[in-house]
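Paired with chain B in one complex and with chain C in the other, chain A is shared by the two complexes that follow.
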Partner chain A sequence: MTKVEAVIQTSKLDAVKTALQEIGVEGMTVIEVRGHGRQKGHTEFYRGREYTVDLLPKIKMEMVLPDDLVEKAVQAISSAARTGKIGDGKIFLSRIDDAVRIRNDERGETAL
Partner chain B sequence: MVASPSIIDELRENHSRALSQIRDDFQRVMDGPAAVAQQTALIDESAKRLWSRFISNNDHRSHPIALIAIGGYGRSMLFPHSDIDLLFLHEGEWSDKDARDKIRRFSQEMWDLKLRLSPQTRTLSDCDRVDPNNLEFTISLLDCRYLAGDEELFNRLRRSVVPRLIMRENQLIMQKLAEVTNARHSRFGNTIFHLEPNIKESPGGLRDCNLVHWLLLLSGIEKLREWPEPQSLISPAIREQFSRALDYLISVRCFLHYRHGRDDNTLTWEAQAEAAGYRVGIKQQERMAPEEWMRLYFRHARSIQRVAIQLLQEIPASRSSLYREFQNWRSRLSNSNFSVVNGFILLQQPGAAKDPDLLLNMFRFMAEHGLRLGTSTEQRIEQASANLAGKMPKGAKLWKHFREVLLQPHAADALRAMHFLGLLNLFLPELASIDSLVIRDYYHRFTVDEHSFRTIENLHRLRHPQSEWEIRFGELFGELEHPELLLLALLLHDVGKGMPGNDHVKASLQAAWQCLERLELAPAERDTVYFLIANHLEISATLRKDIFDHATIEMFAEKVGTPERLKMLCLLTYADIKSVNPEALSPWKAENIWQLYIAATNQLNRNVDQHTVSTHAQDEQIACLKAMAPGLAQKLEAFLEGFPARYLKTHSSEEVISHVGMANGLADDAIQLDLKKGQHWFELTVVTPDRPGLFAKIAGVLSSWRMNIVKANAFCNNAGVIVDTFYFTDRFRTLELNLPERERFKRNISDALAGELDVDRLIRERSYAGRDTPAKVKVETQIEFDNDSSPHSTLVQVIAPDRTGLLYNISSTFAHHGCNIEIALIDTEGQMVIDVFYLRAGGKKLGRTKQEQLRQELLEILSSP
Partner chain C sequence: MKRVLANWLLVLPLLISLVPSMRAQENASAPGMGSQALAAVSSDERIAKLEQQAADAKSSADNAWMLVSSALVLMMTGPGLALFYGGLVRKKNVLATMMQSFAMMAIVTVLWALVEYSLAFGAGNSFIGGLQNLFMRGVGAQPDPDYAATIPLQTFMVYQLMFAVITPALITGAFAERMKFSAMALFMILWSLLVYAPMAHMVWGKGGLLNAALGGRFPTLDFAGGTVVHVTSGVSALVCAIYLGRRLGYPHEPMPPHSVVLSFIGACLLWVGWFGFNAGSALNAGSLATSAFVATHFAAAAAALGWAAAEWIRNGKPSVLGGISGAVAGLVAITPAAGFVGPMPALLIGAVAGIFCYTMVAKVKAKLGYDDSLDAFGVHGAGGTIGALLTGVFASSAINPIFKNSQGAALPSGVIEGNGHQIVNQLVGVIIAWLLAILGTLIILKVVDVVLGLRVSDDHEVQGLDLSQHGEEGYYWEASAS
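Let's turn to the complex of A and B:
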């Protein structure tokens, strides 16, 4: 089992969700986050005051998938989230030892 | 004495069979009161039988002990999965191990009957004091009921110890009870209107029923010095309503306990649907939709909450003399129509409740001072309400009253009171569709009507900001020119959710339009409210895009049109999201709304000249103007061509037609003036061919008359005709009190523009000794030049402390340097001016040298008093 974490532009959430659902990903967690990579922050002036956003609003999506679905999910996220500009985001993959369904104590991939 | 196993087994079997029977009976007829009575009787019987098996009469004599039901069990109100509160009452030290063992085994057997026992062991003297950290125990004694054991011991508790304790500690007990209740209400947002209420703990739930019962007992014992009949202390009308509500809740709680199989009192959506299907708590045979069934729940919860709050408010506060002084001050608010006693409004005159104007004034009074209506006031209004419908003020008169209520800091509470009494539906029948309406989604916590009231409440709360975000949004709220329009839009924005169809925005608009027409709002006001309702989801939709992308901002700003509408929409979004549930407006969301707001503001102010009116394009507003004045169609086209689109957004259709008329008059008189007195300020419009120094001269004359310019707009069309509008306040009421002065004022303007009056000299001659009011807030002067935003002009933004003559100083400096003001957007917020000018010199943008010269001169002028 693999945990897929994707940090994407907020405007791409709907597209990525749809793309993942189309390949059969049924569960995910979505978190509102702030961050930046190489993308610079944003500054606006309002009434003589400077408002700088160093950490830009992003969306983080997390899901744990069976290994055979991981590559498809990565492709789906990348295609849906890509604009070609700096700030598109990143995907991280990590191994998961086990998973447990709280309702009935199911374990392993069947708990996903 | 030991009970034989066969007797215990028989007891268990009978007990289990009886429980099943109670459950079956309930599920057949859904009669909660009968079920709890049967449940209590069954537990009584089992407890007594076990007691007699384990505890002999000899045991009583050597160590007097009484088995007493307390709490809910003592009230004979045992729900299927309630805890059973038992008190083992004894006297003195208890050293007999054998006696304690018997009690323990008795308790064990009760547990083995699958009963959740909550036993307590106390002496009489333990019961004779209040532990502030365990008020629950003292309160549970109010419901003590004899079960078995030493009856004389019980009688001493009930007849002597408890009444004596109450007479001694009544104030402390009531105040602690009030504190605990207020904390509980606060946890539930002080509202009954939850989409999935906890029918025990929520306001208006069973805990509040218990509270009423206890408060009445406490005050009864204090007054009568004996145990009263609680019902005798409550009026018959309210008693009946309360009793019906209590029976309903008992049935619902039984249903939930059986459904969930545990003491879970949350009325989830699924449970609501089932309860409606089983007709829990209702006698009618027809099927009821879950939404209708929930309306019934809210009606009952309201009845209970009303009594509970009334009784709570009557508890004297344990507060300082300063608070008492505050309460006394509030009493001084009394007038000939209503008196204020302990924070409650009481109607003075017998026929007052039948007078709609007086009632509306009363609600305004309530909203202003944060008061509550007394019970007698509510009853009188309810009795009179049937006859009020035909006497309600109408049209503009109703709007005038209603507007005054909306603008007060406690408007939401007044609206709730009006809603509760059925009056709000008389003024705004559109709201009837969302009365106690449950909309099922995972975000909203409250019913639709409560959500709408909360939006208004959350906006008014911005007057006393608690966080950085509230400070920022609060500043915007303070700057609004017509906050009542925003508040009205908030009240109406979701009425469509109670109407058929999937598009609630469309339905809300239709309902709002009827309402706005009925209230006879001015066309510009209607447009604003309509715009806000139509676009109340626009910011949320835009936040799903890239808000740092210029195209997104441009499109959004184009849709919004003006800074004033942008502020209103931003605040509407803030209030709407904040009222969904307490966590909905996260810092992440608030930050994004703010960023969108400032980016859009800059877009609106810095790109004014990029969108000009083109009469060849299909434009609804231009078509509407032509329809209003068909005879002027050609002249209208010629007049409008070349104005920035902002011109049409900042002037109503009537104003534009009027300007066209003024432009037509230029052939006879090259300087056309119009002076009007508005609600908040005077409005001077000048239509004349453009020429250098024009704007400065007008500003100078205004300054010489000591007028305080609050706002101004200056636009120019392709034909070189300008429309400059100045909004100003008449500080010394010169024009307000002396009508002939208005003509002299206009003559000064005309003469100045015609070059026949030296404005500088006029200002010098009329220099008064009086100074401007010292600034309360330090505003740093800032001058910013921007040569990138506009393709045609140099933008200059001036932020400075406001003072008389400031605009004249700035604009005359521009004129002195040969700069033409193409567009001016002048605004004053509190003691700060924010002026944006689009300048050209010699038909081109300003070079760096010119910019620097202007900057130095402006800084020098603006820093001198």
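Let's turn to the complex of A and C:
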């Protein structure tokens, strides 16, 4: 099992979600986050005071997938989320030891 | 056919009921002994009766408008100002900030009922009213012709109360996010009695030093409270901001408004409420109210454009907060002028105020380094002062013949009309308002500081006033809440 964490542009959530559903990803968790990589922030003015905002709103998607689905999922996310500009986001993969379905205590991949 | 019959059946009782009254009229006009004398008396009586009815109708119309205006002015404090200020603070202080405005609606109302009205509008000396109207004595349905001849004195009283409510609430913007609630409450009670009541009496009260309508020594034109409301509150705000010191972390930590959306709704409510504030200050529903209504609206629009344009040029973008702040600045500046100037001077006063207040807020404040958190001075103090002075320039006797000679003919009002001395009178009014605000506020701050302490502890300031002063949160969050 592999955990796929993708940080993407907020505007790309629907496209990525659809692409993942098309390849058979059945579950995901979506979180509104703030952060930055190489992308620069912007400035805001309130009554003449300048504020630099470098933590920008992003969407973080998390899903734990059976290994045979991982590469397809990475491809789906990356092609759906790409605009080619700085700030498109990142995908992180990590090994998962076990999973538990709370409803019936199923373990491992059957719990996904 | 059936329907025609039904209609006749409906009309028939009406016709029958009319017949006896027609007979009665015939009887009344029947010839008899001394009928001519009788007719003469009855026509006099009828004229008197008609005059009374006309006066009653005017009184009812005026009273309706003044009650609506009173409600509009209350709406300016809550929710108007509470939302405007509430949106400008950080999340952790939203409730405490709104509460400071709301508390004025309760505290000042009780104070007004007991003593403050009498100190402001009771007949007294040049500086303060007497004690004859304590506990609302003598404030009933009977109008007081010195103030407003066509509405019950009680309507006048409750209308003026709404001004006494919003004025201290305006000050709270200066010390937002750092003052104890208890200290704030005590400060506002003392401030209402020692600064607001005397200033209101001087400008609007019987025998007041600056009263233009009732023969004051220095007749200052202040239609709806440019000096009484905005200069006093704005200048007191500046004194508070300097005396209390900056918020922890200012100006290094960013403290952007947590919700310009709330501020937007608040500012728009202020704009609407201001029609009650300014047009209502005509104290009747006549054409002067219309003139003040138009001037108010025009100035707000021009000032919104002025502030937004200044920002657009300097920062490259016109901001929403800039637009609404400009509108409020224009409303402040037109307040003393509303019932004295025509539509074109109103546009001009608004545009000047929008640009001037933007400069005060965005440039001067940063240069001088004081932390007037929500710009109570930059908008109300600065806008009120410039508005009061421009009123002396643009006041027109065609709009409002406030000065009259012994024959009752209108004399020139403002500088442009040829009354150059009026600018001096305006300046006297402004200087007195500044001095009273500075001295009164300093003394009151010192007293409250000794008795209660003004600022919350550093820990409480970091935690936020919502939790530390009121034990609640504006935006409650708990996982199980759903």
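Simple rule for what comes next: the second predicted complex is superposed on the first by the 111 of 112 C-alpha atoms of A that agree within 3 Å, B and C clash if a C-alpha of one lies under 4 Å from a C-alpha of the other, contacts with A are read in each partner's own complex, and residues count from 1 in each chain.
Note that a contact is a pair of C-beta atoms (placed from the backbone, for glycine too) under 8 Å apart; a residue touches a chain by one contact, two chains touch by 3 or more.
Being a predicted model, the structure only gives us computed values, none of them experimental.
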Inset, instruction - Figure out whether A:Tyr46 sits in contact with chain B (first) or chain C (second), or with both, or with neither. - result: both
Inset, instruction - Have a look at where A:Leu13 lands relative to chain B and chain C in the superposition and call it first, second, both or neither. - result: first
Inset, instruction - Report the partner of chain A that touches more of its residues: chain B or chain C. - result: B
Inset, instruction - Determine, under the contact definition given at the top, whether A:Leu56 touches first (chain B), second (chain C), both, or neither. - result: first
Legend entry - Contact residues common to both interfaces of chain A (with chain B and with chain C): 44-48, 51
Inset, instruction - Please name which positions on chain A make contact with chain C in the complex. - result: 44-49, 51-52
Legend entry - chain B residues within the chain A interface of the complex: 543-546, 548, 586, 588-589, 591-592, 594-595, 598-599, 601-602, 780, 782, 784, 797, 799, 832, 834
Legend entry - Of chain A, residues touching chain B in the complex: 9-11, 13-14, 32-34, 42, 44-48, 51, 53, 56-57
Inset, instruction - Can you check the complex and tell me which residues of chain C touch chain A? - result: 251, 254, 256-257, 260, 311, 314-315, 317, 319, 321-322, 325, 358, 361-363, 365-366, 375
